[in-house]
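Going in written order, the chains are labelled A, B, C and D, and every chain counts its residues from 1.
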């Protein structure tokens, strides 16, 4: 099979070139650290709790596209699908730190956990207070009693939004951490893959799916899901995803939720809106109220086709931070 | 070849179901007309110049995803790649009209022109003042002396943003039309296709490209471009696109521009950011200043892979309306 | 003096229009493929939507005059087909129906008048002339042929129009598109017939088959 | 008493580490394919980045001690590889280098100590134990074998470690992953060896080839 067709220069330089392009696309609101693959805000207030996000590249606009007002203060960027190294995280943390400690927020993967932990230990040696919240929203990754084994997928975006809002408004790292932990306890997602994506440097698809197959629960790097099955209707897919997500927390009648449908890459918005229609029928029938919706492209897996559904149960505090205006390349709202 | 793999229910009902999903995704800010495929704002002020946009579906989030504050007041939705019929346009226009006349803003295609014109005649019979501005930004579609023969592509988004801002602030249809005409005279785009998209109801790809071929200048429905060639590097593609766009207006040293890189569907943000890097090198070297950038997914051609580059030359007035905050499902900015 | 057996009354006209509708619907794929070659590939499904709408409308409220029968078809196409074809074919049937107001039968002259008037409206709406590789290149020769054959009666007029439109379709193969979605193809549009012209020929061929069998 | 011809001095250690680096880089595709089967397909390019960085670093500033040679490799991997492998292999080399401080030659005992200490640090960092289908399942048996063979000299210690790690790789085929990207595969991970374990065996095999030829 021919390599997937992509508009690239040197496949080994994709991350470096992408970062250059990303900084320019931010119209001056962020900059890159001179010697490290990290993005930081140029308009950071003098005093605030810092929010550092990050992870492997290749999921654009996640994470480095979410640096900006009421979002991340900085992002450490790894290579494609590879957690950033401790030195990148450490340097970015040093730059965003404003004397009130730093919240590390990232998806729960062995690589990210280890690299961020090493950086946290280095920062603690420097006397900087670091707390870590790992996003664990993927219900397909492990049973409910092992949420700490779950991957972080599109729940990342709501988490960044809430932690970003909280880190702008709240005065202490304790408080910001408390809000982020509450949010992560209330967010659940599941994805479905329709076609594979590829890593630019290897040129290889990260998994294989037959022409008539989909995989429910596939992870954001092509990790195995909960079931591979024949393609079925949008409604049937939505039904299955919702069954898994709703029963997990579980979400109950009377709950108010934020609903995100996230494009993993090559799926059309038309498909996602058709799925949204069914999801709303299901939520309606169960007495669950949608406080806000987001349908778009935020966490991608290169050109993978498929999407994920995220629900976060909200209280007044989470609503407040989730609904704050936000400004970044990848997510912006009035 | 197997039909493209999509998450759908009945392929004949895609537009109806998409619209249901779209209205729900807007969290109450828009509604659908009871008997017509049209979307209108629920929060329309009592008095304003109305902005009606629209066109064929299948390009989501364009057009119907751009209805909201400081954007379109309503959108008439056609079937996939087919202009909306006059009755849809007429009914939507009646509902958004607030006594100050209506600007019709849409892409310049024979089908759209005729259907919107028929509706305009019906409205004029009712004594409603209608003006029409057609977006003609695609430099690949016809030579500069025949801009009236050019297609509208991603320039649509900047046009909606500017006309939307102007229609919120300016008091007369004359003035809003004047601003929109100035904007359309200053916007230029060109696209490149890397892989074809398909129409859900036919299940057929709208064109064919060999595994190693791209087409420069391809239109938003797969219309022929200016040259089909072998895949080349991102920088080489950017160079060619910029050469065609810059020389057309032409853009000159000292100009200030807005720059949009729009994903036609399945292209990764990583690729677009790598292209952005090169485009900024070119603009820099020519002394053209970028006032604002937008890199994302706004005008799609189903799952087509490829992207377009749009430049709009700005003056203070255009900047003012382009930079106004905006709120819609498909485009939102602080 | 006209041969009264060579005319269609209201019921027969409605039946003919239903037969036309079904015939075009049957050719969805052929039209889609023609549009895939030089357009955006939706012409077949657009015509199907329009004529399905026409069938529904004629069933829901049986037209009470020949004028209304043609207008019903035009209105359905105009509102269901969308795109260029919706405006064009909708206009053709709607405008073409007007001069038939008050007529109880469709005869050769009436048919020629329908085409003449429809063509004129379509030329105005679309702003194109013959030779630009559109449905005009089928409808214009058809209208001329119908006018010439009008005195020979409806069957003759329709047959002549159908044959002329078919030649028109063939002629579009040698034209370079200068309007519509095929325009940017330039010389690459050579060799392919125009999808809208094919639709015209299918409509007229169905009328011919209906009246031949009637 | 140790056979002094069966040790590596600083230069030889550096040369061995360069040889190891080149050997792993040569196997990029093999590692990528192994990771494609049960992970995300980036292990090969990650290890390549790390060892290319190691080569550069050793060339840029030739290490002045055996401890620093190993640490240089670890630091390069830690900062260039990224992902799980960067943290794990970086920690292995960096932590493993520490007890060699002040030593002028690498002997069997030193090598065993390097592996023991590195293993301990990696276990702590990764929070996994043997049997979870990770590189631990190659490094742990290798460390035990090296310790057993330490008295027999460096060559023997390395050869024993390499053989044990190779058996460890084979053993991972029969394990179900309970950590890392392969975890959610569950039983579907059976039959596939762990990519990180393969990297361990490649590193030790290269050391064996180097010392055998030395």
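Note that contacts are C-beta pairs under 8 Å (C-beta built on N, C-alpha and C of every residue); 3 or more make two chains touch, one makes a residue touch a chain.
Computed from a predicted model, the values in this text were never measured in an experiment.
> Which other chains touch subunit B while also touching subunit D?
A
> In whole angstrom, what separates the CA-based centres of subunit B and subunit C?
32
> Whole-Å distance, subunit A centre to subunit B centre, using C-alpha means?
28
> For subunit A and subunit C, what's the span in angstrom between their mean Cα positions?
54
> How many angstrom lie between the centres of subunit C and subunit D, each centre taken as the mean Cα position?
77
> Got the subunit D residues that touch at least 2 other chains?
If we look for residues of subunit D contacting two or more partner chains, we find none.
> In subunit A, what residues contact two or more other chains?
none
> Graph shape for the chains shown, where an edge means the two chains touch. Line, ring, star, complete, or other?
Graph shape here is a line: each chain touches the next, no loop.
> For this entry, which pairs of chains touch?
Here the touching pairs of chains are A-B, A-D, B-C.
> Where on subunit D does subunit A make contact in their complex?
32, 36, 39-42, 44-46, 49, 78-88, 90-91, 125-126, 179-186, 188
> With touch defined as at the start, can you tell me which subunit B residues reach subunit A in the complex?
2, 5-9, 14, 17-22, 24-27, 57-58, 60-61, 65, 69, 192, 194-195, 200, 211-212, 214, 231, 233-235, 237, 261, 265-277, 280, 290-293, 295-297, 300, 302-303, 305, 307, 325-327, 329-330, 332-334
> Show me the residue ranges of subunit B that touch subunit C in the complex, using the header's touch definition.
Residues 56, 78-88, 109-111, 114-115, 117-118, 140-142, 149, 151, 199, 201-202, 204, 206-207, 217, 219, 221-225.
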